[in-house]
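Both complexes below contain chain A, partnered by chain B and then by chain C.
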Partner chain A sequence: MDHIFFLGTLMCVWVMVCLAANFVIGYTGMMAMGQAVYLGVGAYASATLNIYLGVNYFAAMALAAVVTGAVAVLTLLPLLRLSGFYFALATLGLNFVFFDLFHNLGPRVEGSEGLYGLELPAALGSPHAQIVTGLLITIACVLAANRLVGGAFGRALRATRDRPDALIALGKNPVHYQIVIWGVSGALTGLAGALYAATLFYIDPTLFTLNASILVLVYVGVGGLASNAGSVLGAVLLIAFTESFRYLGLPSVLAGPIQQGLYGALLVGLMLFRRQGLVGNHDFQE
Partner chain B sequence: MTSKSDGLRLENLAMHFGGVHVFEDVSMRIPPGQVTACIGPNGAGKTTLINIICGVLAAPKGRVFLDGEPLDSTPPHQMVQRGVGRTFQDVRIFPSLTAIENVLIAIPDQQGERLRHLFRPGRSVGAEERRNRDKANALLATVAMDDVADRPAGELPFGQQKLVSLLRAVATGARILLLDESAAGVEIELIPRITALVRRLVAEESRGVLLVEHNIDVVREIADHVVVLQGGGVIASGPCDSVLNDERVIKEYLGRIYNA
Partner chain C sequence: MMSALQVLAIGFGLAGYYALVAVGFALIFATLRIFHIAHGTVFLMAGYVFFFLYRVGGLDVVSSGVLSVIVAALTGLAIDKAVYLPVMRRGGGLFSVFIASLGVALIFEAVFLVFTKGIVTVARTTALGIVSVGPVAFRLLDIFILGVVIVVYGLLYLWLHCTRRGLEVRGLTDNRALAAVVGMNVDQTRNVIFLLASALAGIAGVLTAYDTGLAPDTGSRTLFIAVVAVILGGVQNILLGSIVGSVSLGILTAYAGFFFPEWVTFSVFAMMIILILIRPRGLFG
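Showing the complex of A and B:
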């Protein structure tokens, strides 16, 4: 049962990351390919604050969100002169830069590659406490996300995505919206990173590589662009799909390749026949 | 002499792209409460003129004033706040936004567009959104488009997209509107809606309009003043009737249209 709770909390983490990624990719049209960077910054920030400075873990989570939001904005500023493919490539590059930073500058417990020894409050201290706390945080994030994109602000994001030049002619600055939403997305991903660290008890740089960033793109793409429901569905269904293979009793030599092959085929099929994802609201080809 | 209600004034503007001269020494006024049409052949620099006024292009020579104040150093996204709005020849609608959302987005100073207001307790953001929706709906109704308010703008016929883009500029509240070929490519039955709207904006709201237009019937119907841009400069400028009957204008520009 503990493993199910653990998986549930992991789903909460990835739902939050997907909501954040969808803000910038689906709603605002910024081809972000480095969400794992901010997940890592959030995880390292909260763990460092907790282990080395003794900050209560909930306070550390909040601080990690703030720090990650600020780091996100700082990393975006030099990239703002780029768009489309070039922007995507630059954000992809951030994965390598930050992997090196985590690897070489990130604190680590002696004798290991990573960091462990979090002092967690009771509400995060066990798998069943974590799933409850994780769910509460995730529900709050989904509600906030709906508020964020549901009204005039979300409309401005979608206009930024559709025709930034026309938005300028209406007296609004698309760059302003890009910076604000990138910061919000970074902060939410940082919060998810803090929950991720609490769930795993141990973090190391290999958790925050390009692979993780690509996984986020896949979850968002499958769930659906410009849709909070899509972010939730994509993460939950694909993690459930991946993990379900554990319970099929297949020999591991078969389970791995079958899982990978099905996963890939699902993605190719979806892109061919339903580009906007399961419940998406935007199609970049239209 | 300048005054608060001077409107838009262009003084001795010149423009070239590399070695290609577009125009030299172009001056004109777009006063409030009037329609000033700018006509001329393709390539005469009419859209370039709009881009210079809006700060999208920098003119190497000449200046632009709004009510006597220079507009030169205003960044394009602040032009609306200064009082100058525009449309585009190629529409540039927000295709995935609905027709009403295209109009809504243009309404200035919305609290709901600012993050710090979004999560404040209370209902002010929701109430503001409802007020703005009513306003946008009323605008759509003036051109009989309220029935397509909730359709994605990208799915509307071209003429209706042009009307939406015109309403979008109107919704900014800008005192001076620069309309770049608003009637071009529009179904003939929609054109009276455009001319009626522009007339109303000028007569009832005292807005100043620069109408860049190839459709001479539209110009004849609503322009007070006409400026003809041709061959790198202004070849005629004055009241609509006298310019459209000017021999040189007929010979060098209008003749070509009517004989085509």
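Showing the complex of A and C:
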């Protein structure tokens, strides 16, 4: 049963990451291919604050979100000059840059590749407490996300994606919206990273590679672009589906490759047959 | 004690591999606007087929090599026919094809992972010959690879500039719509480009399988460096861009690998991001 709770909390983490990724990819049309970077920054920031500075974990989560939002904006600013495809490539390159940064500069517990030993409060201390807390945070995030994209700000985001010239004609700066939403997306991903670290108890740089960014792309792509419901559906359905393999009695050496092959096939299938995903309101541009 | 010159020699050896993969990638990207991530898969395919024929099947080096390169060429063409062409027919653009390509690469990598269990497979069973010039030792294989690169680039130059098909390829690089309007057979040229580019990746794959061996992620790693080389050199100038980019990255990775082995990937991709920022079109774009 604990394993089910653990999976549920993992789903919460990826739902939050997908919401954040969909803000930029789906609603604003910025091809972000480095979401794992911000997930890693959030996880490392909260774990470091908690382990080395003794900060209460909930405070550490909030701080991690702020730090990650700031890192996200800092990494975005130089890339804003790039358009379309080159922007996607540069964000893809960020995965490799940050992997080496985490690996070489990230704190680690002596004798291991990563970081463990979090001091968790009771509300995150056990699998069943974690899923309750995780669900509460995720529901709050979904509600906030719906408010964010439903109102005037959401319309401005979609205009940034579809008709930036119209936005300029109204005296508004599309770049302003791009920076704000990128920061929001980074902060939400950082919060998810903090929850991720609490769920796993152990983090190391291999969790935050290009593979994780591709995973986000698959979840969001399957669920649907520019749709919060799509973000939730994509992550929940795909994690449930691939984890069910475990119960089919497949040897564990095969489980990894089968999941990878399946995600590859899903990407190809999506691009061939349904570029807007399950419940998306937009498809991959160009 | 390794001297700086020795590291330079190693860098040129690496550059040979990058140059063979990069030029095919550049050829496809510049003419067809396809960001062919699965080019690394083609490279890997050739390497594994070579390993199978040479080590397991006991065929001689030359015929296993030639057969593997043919398989690679057909694999590349098949990927285009089965995935890219249909995606483009359904209105998918640059980014959709890129994601589909990523999907293809993931599928093949998973298949290779199942068969190899991630273990590195090396095709050769003997040590490589070395010639020493003063303090610097050259591997005979590296010299052979550089010879291959020179021949390949020379032939490509002649092909691009002295044949009708080459003229069409250059026409595609400049203006696709116009090329189709003036009556060139875009589909046929497309097939030739995929066969040729994939064969070149195949040569690199065979040589890598023989030299340092392959793991399922070798393909994507080599490809990413080749991509950076192409972006560095400039996509529009296929030959000059690829060779200059590959040589610079070969030297960079050799020195970084020697002096700061922890920071090799960082240096490659940080360089790519900085270069995209300074000159999005590359050095010779």
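Note that in this section the second predicted complex is superposed on the first by the 266 of 286 C-alpha atoms of A that agree within 3 Å, B and C clash if a C-alpha of one lies under 4 Å from a C-alpha of the other, contacts with A are read in each partner's own complex, and residues count from 1 in each chain.
One rule holds for everything that comes next: contacts are C-beta pairs under 8 Å (C-beta built on N, C-alpha and C of every residue); 3 or more make two chains touch, one makes a residue touch a chain.
The model shown is predicted, which means the values in this text are computed figures rather than measured ones.
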>> Quick one: is A:Ala122 in contact with chain B, with chain C, with both, or with neither? Answer first, second, both or neither.
In response: neither
> Now for A:Arg275: first (chain B), second (chain C), both, or neither, which partner does it touch?
Replying inline: second
>> In the overlaid three-chain picture, which partner chain does A:Met1 touch, first (chain B) or second (chain C), both, or neither?
In response: neither
> So, does A:Leu266 touch the first partner chain B, the second partner chain C, both, or neither?
Replying inline: second
> Which chain makes contact with more of the residues of chain A, chain B or else chain C?
Replying inline: C
>> If we overlay the two complexes on their shared chain A, which of chain B and chain C does A:Leu53 touch? Say first, second, both or neither.
In response: neither
> After superposition on the shared chain, which partner residues are touched by A:Leu82: those of chain B (first), chain C (second), both, or neither?
Replying inline: second
> Which residues would you name on chain A as touching chain B in one complex and chain C in the other?
Replying inline: 286
> Which positions of chain A touch chain C when the two form their complex?
Replying inline: 31, 78-79, 81-82, 84-86, 88-90, 93-94, 96-97, 99-101, 103-104, 214, 217, 221, 253-254, 256-258, 260-261, 263-272, 275, 283-286
> Across the complex, what residues on chain A touch chain B?
Replying inline: 144, 147-148, 151-153, 155-156, 158-159, 161-163, 165-173, 180, 184, 281-282, 286
> Can you list the residues on chain C that touch chain A in the complex?
Replying inline: 35, 83, 86-87, 90, 92-100, 102-111, 113-114, 117, 224, 227-228, 231, 262-263, 265-266, 268-270, 272-273, 276-277, 280
> What does chain B use to touch chain A in their complex?
Replying inline: 54, 76-81, 85-86, 88, 92-97, 101, 104-106, 108, 110-115, 118-119, 125-126, 128-129, 132, 154, 165, 168-169, 172, 174
